[in-house]
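Chain naming follows the written order as A, B, C, D, E and F, and within any one chain the residues start at number 1.
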Amino acid sequence: MAEFFHMGGYGAYVWAAYAVFVVVLLADALAPLWQRRGTLRDIAARLRRESKRKTTP
Amino acid sequence: MNPLVLWFHKLGSPPYFYRFAGRFLPWLYAIALVSGAIGLYGGLVVAPADYQQGDSFRMIYVHVPCAWMSLFVYAFMAANAFVALVWRIKLSETLAMASAPVGAAFTFITLVTGSLWGKPMWGTWWTWDARLTSELVLLFLYLGVIGLYHAIEDVRQAARAAAFLALIGVVNLPIVHYSVVWWNTLHQGQTVSLMGQSKISQSMLWPLLTMAFATHVYFFASLLARARAALLALESGKDWVRAIALAQPTREASAHG
Amino acid sequence: MSAIDPADPPPLLAARALAYARNEEPIFGPLDFSLAAGEVVLIEGDNGSGKTTLLKVLSGLLEPTAGEVLLNGVHLTLAKLSHQVALLGHLPGMKLELTTLQNLRFAVGLGGIRPGITPAIALASVGLAGYEDQPLRLLSAGQKKRVALARLLLVPAALWLLDEPYANLDREGIELVNRLLLMHAQRGGAALITSHGAYAYTSGTPRRIALRATTAEPAGREAGA
Amino acid sequence: MSAIDPADPPPLLAARALAYARNEEPIFGPLDFSLAAGEVVLIEGDNGSGKTTLLKVLSGLLEPTAGEVLLNGVHLTLAKLSHQVALLGHLPGMKLELTTLQNLRFAVGLGGIRPGITPAIALASVGLAGYEDQPLRLLSAGQKKRVALARLLLVPAALWLLDEPYANLDREGIELVNRLLLMHAQRGGAALITSHGAYAYTSGTPRRIALRATTAEPAGREAGA
Amino acid sequence: MKPGTTSAACVALLRRDLALTWRRRGDALNPLLFAVIVVALFPFALGPEAQVLERIAAGTIFVAVLLAALLSLDSLFRSDLDDGSLEQLVLSPHPLSLLLACKIAIHWLTTALPLIAIAPLLAMLLHLPDSVLPVLLAALALATPLLSLIGAICVALTVALRRSGMLLTLLVLPLIVPVLIFGAGACNAAQAGLPYAAPLLWLGAWLVLALVLAPLATAAALKISLT
Amino acid sequence: MKPGTTSAACVALLRRDLALTWRRRGDALNPLLFAVIVVALFPFALGPEAQVLERIAAGTIFVAVLLAALLSLDSLFRSDLDDGSLEQLVLSPHPLSLLLACKIAIHWLTTALPLIAIAPLLAMLLHLPDSVLPVLLAALALATPLLSLIGAICVALTVALRRSGMLLTLLVLPLIVPVLIFGAGACNAAQAGLPYAAPLLWLGAWLVLALVLAPLATAAALKISLT
């Protein structure tokens, strides 16, 4: 197992490369989720404001 | 009308696309995850160490698929940009702009993993040879497209301007791909080829192809997710979006700042 | 729609179901109106009702979301439309560093000149005789507006689109605008002007087009990620 | 001049032989006037007569070439003067990227707040309730002006200097300005407003200060070496 | 009701822009001084060793000139946008690409040409060998119009933005990397005694292409960003 | 009729400027990209030889970072001037120098600090030896606030002019040549294995001086250029 992580002396490089791969793609996958949630929240807030605007003269 | 054409027409309608994409997304993510796991297992465990490079060659399984994707996504973005500019199809604008961040992510991974691979192989993190340089330029092109898109306030105008820029940048794609042929570079030449004979053994090849498949599927998943989010913002005045927003669980929604 | 009765000349400008939406938010609803030669029409509406936007659409700077515009009964692309029109917006379209005369000469070079007038005459008719060599930068807000009005006199456009032409002008300036409009109408031109209604075009009762503020709030991108 | 009769309170603002010249060209002549608490005074003048320049001098942004300004009977340096005054010029002094509420909060942080009012109340009083989270960028010309008026309500300044407050406003907006001015006068404030005279402050007949355009043409530096 | 001729419009535009440059002639000096200062910073930053400076002379001058030309590009349409003149240009009945070509030409004449003129001075500051100077001048003469033309497209795309200066740099850079590599490459080859004609010929070929296509692309980009 | 406290005004200003930076966070990336791009231009212009690049690395990075910080300085008061906020600041009852110090601090935090953070990346691109990197970072950490402070004075002087970008460069560069000499000098000394503490200490001393005097000078300059 330790040998597996050691990667013939190249462990640091190999695992760093894989870590970058996973982390960047994970961030990329989460971004649209956040964005969608933010947009929906903005729209809902705006709808509320609009209804307020219609009620106040 | 031909049912396929009809379906395409329907796909152009944002609410339909939104629902359609929402239905497919989980499956795409699942396929990408599973095939990615298989590919990584194959690359990290099954494949033998390279006789020259030892275990460091295992970086190929992230480096090369991402490198391929960085080019593929740009081509996809440019094709959509072309359609968006010529036929003014809103969905193409959205798809082009949704591909840019994913492509930039793949380009970034290519640069970093290449750099990490270069340190043990060439003894330096970075050299200014043609392939590395043109890939860096590709990253700048992606960033330019994204930057321009976010800098302009009107969303559709922003998409069209950025699409225009993306089209101009297409000249860089052949340079990246053929740089190893046109100039003598430190970077490895063509090793894997779909048509001819690959210069790499089968046990090393299949995990690579699996990873390539996984990254393609992942790209389309991410693309659909981004396009969905962008469509919501773009169509925020339409009733179907309002309905979705109102159906959202309303926590203490403080929307300021 | 394009069958035109030869006895009845088509209106100079006709809009059919013209509408504009920004990011899917309607700014002004579908509008139908026409403007005959010799007519001056006032566009009225409250703050934010889309008056400025309407003029930009009619001048060809913005593309309408729906509807069409006909000039002399001919359906026009927006690019063509823009050549028949003189727009006076909030921005002067002039260089502060250059003199009034230099600015007007450039406008003439770009847009052509109406026969029988020169830049110097135009300047005199807006009450700025003697200011020919004055750089625009040294004029007050109202004086700059007068130079912009002089440009309208020079350029051979049948249709004037004026966005709040009365703003920043003193009483004499307001009368000047009315005089210019009357003159333009009498020689067969037409004009669309916006106003909040407190000042009005005084010769005869002008026709009015009313814009209501759309209730929906405009959806811009709020710092979208 | 500085002997003040204690029985007769000094005027809020008094100008003595105030004059301004740009590059030796007089812009407005020596002016003497005073403004008591509760008064609203209209500065009238043709285009280029120096109205904007006078307000800038009174707010302390420009230094007068001659004369002096007294606030509550005390002779003030311009730096001090500027702290007692709220100026509403042609520029909004607000950030287009921020929401109306954020902009007003900043104004309060910078200038302090009048007791008994909040930014949200001020917004509502200018007819923009419901626009609290709207970035200024998405408002029309008239709506932006209303936000600028809301700032005046918040800041604890006794003297308002308003440069063409009616420009860009619809009828309702004009009435709003008049209402605000009346309110400000009734609670002991004073205001100087410029106008071309076509709109006027409607409650009672306001006192007017007339500026004549100086006959000499302003001599700027024309591409001086 | 006839509009004026297109050539009259171009002449009017050229005259106005020249008059404006003359009125703002202080501004026109700025790119020159910027280039001089950037070049002059290098001896301070690297130390005064002549060999080092000589080795980097051609490349540094190229970079400095391109940066100066690039930063001044930002103002190509800026003031016309701010005062509404650009709207008037777009609304004029003449081909927009032709009018824009005039503006680009004026811009090159008034900013890039003076930069080429002071290149010998910059060369002296960094001890560039005299034999390389003609190559440097030829390379700059081909590279700067290319930059103006390619840059104009990007400026047109960013014109609707306030404060676009640096974004512009980002957009232009990828497109002019080849120009820089070939232009500075020719100088470096000349300095090393190698043949240098090929890269210059490439630059010339691109320039011809850009002269034809760039004004059209600029007009298209401008229309996108104004509507 | 009491105005708010001065600390409330500073807090309000800091909050507003941070909110603005957040709203314009795309713009905030620009100086970073500019610095990366300038650094990247050098290998294109000079060729890829590692020894050459290594020799000029520290100096070039210093020049690039200073130029990027400098060009972004131009916007320090620009938008406040354009929309009239600056008039309101000047008319406020609080010490102008304190308010301006807040603005300068925000500017440094949002532009110069990120530049320092990516300096290691720039160092990698030009093959700067690892041992020199800490010295480079220290020198930048002392030099960039000096630049912001000195630059702010010049910005205040030029703020009333439109299009002041390059003029600003001209005013500031002569003033920061000593900063460049000492900062890059320290790096070069470290690279040559020589002692490098003295120039850094000098930079530190100037920084303390500038922290005290520059906001006062900026306020004075601003008042001059607004009236």
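Methods note: a residue touches a chain if its C-beta (ideal position, glycine included) is under 8 Å from a C-beta of that chain, and two chains touch if they have at least 3 such contacts.
Keep in mind that what you see is a predicted model, and the values were worked out from it rather than measured.
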Steps needed, at fewest, to go from chain D to chain E via touching chains: 2
Chain groups still in contact once chain D is set aside, others held in place: one piece
Same or different residue numbers at the chain C/chain D copy interface, by half rule: same
B-F against D-F, pair bridged by the larger set of C-beta contacts: D-F
Chain located farthest away, centre of chain D as origin (C-alpha): B
Rounded Å distance, chain A centre to chain F centre (Cα mean): 32
Chain A and chain D, separation of their C-alpha mean positions in angstrom: 49
Chain A and chain B: spacing of chain centres that average the CA atoms, whole Å: 16
Where chain D touches two or more other chains, by residue: 90, 102, 131-134, 137
Contacts with 2+ other chains: residues of chain E: 23-24, 79, 167, 170, 173, 177, 227
Two or more partner chains touched - positions in chain A: 31, 35, 39, 42, 45-46, 49-50, 53
Chain F partner contacts - residues on chain D that touch it in the complex: 59-63, 82-83, 85, 87, 89-98, 102, 105-114, 156-158
Residue ranges of chain B in contact with chain A within the complex: 29, 40, 44-45, 49, 54-56, 58-59, 62-63, 66, 101-102, 105, 108-109, 112-113, 116-117, 119-120, 218, 221-222, 225-226, 228-230, 232-233, 236, 241-242, 244-246, 248, 250, 253-255
Residues of chain B touching chain F in the complex: 124-129, 133, 136, 140, 143, 147, 150-151, 257
Complex contacts: residues of chain E adjacent to chain F: 24, 26-27, 30-31, 33-34, 37-38, 41-42, 44-47, 52, 55-56, 58-60, 62-63, 66-67, 71-72, 74-75, 78-79, 162-163, 165-167, 169-170, 173, 177, 180-181, 184-185, 188
List of chain A residues in touch with chain B within their complex: 4, 7-11, 13-14, 16-18, 20-21, 24-25, 27-29, 31-33, 35-36, 39-48
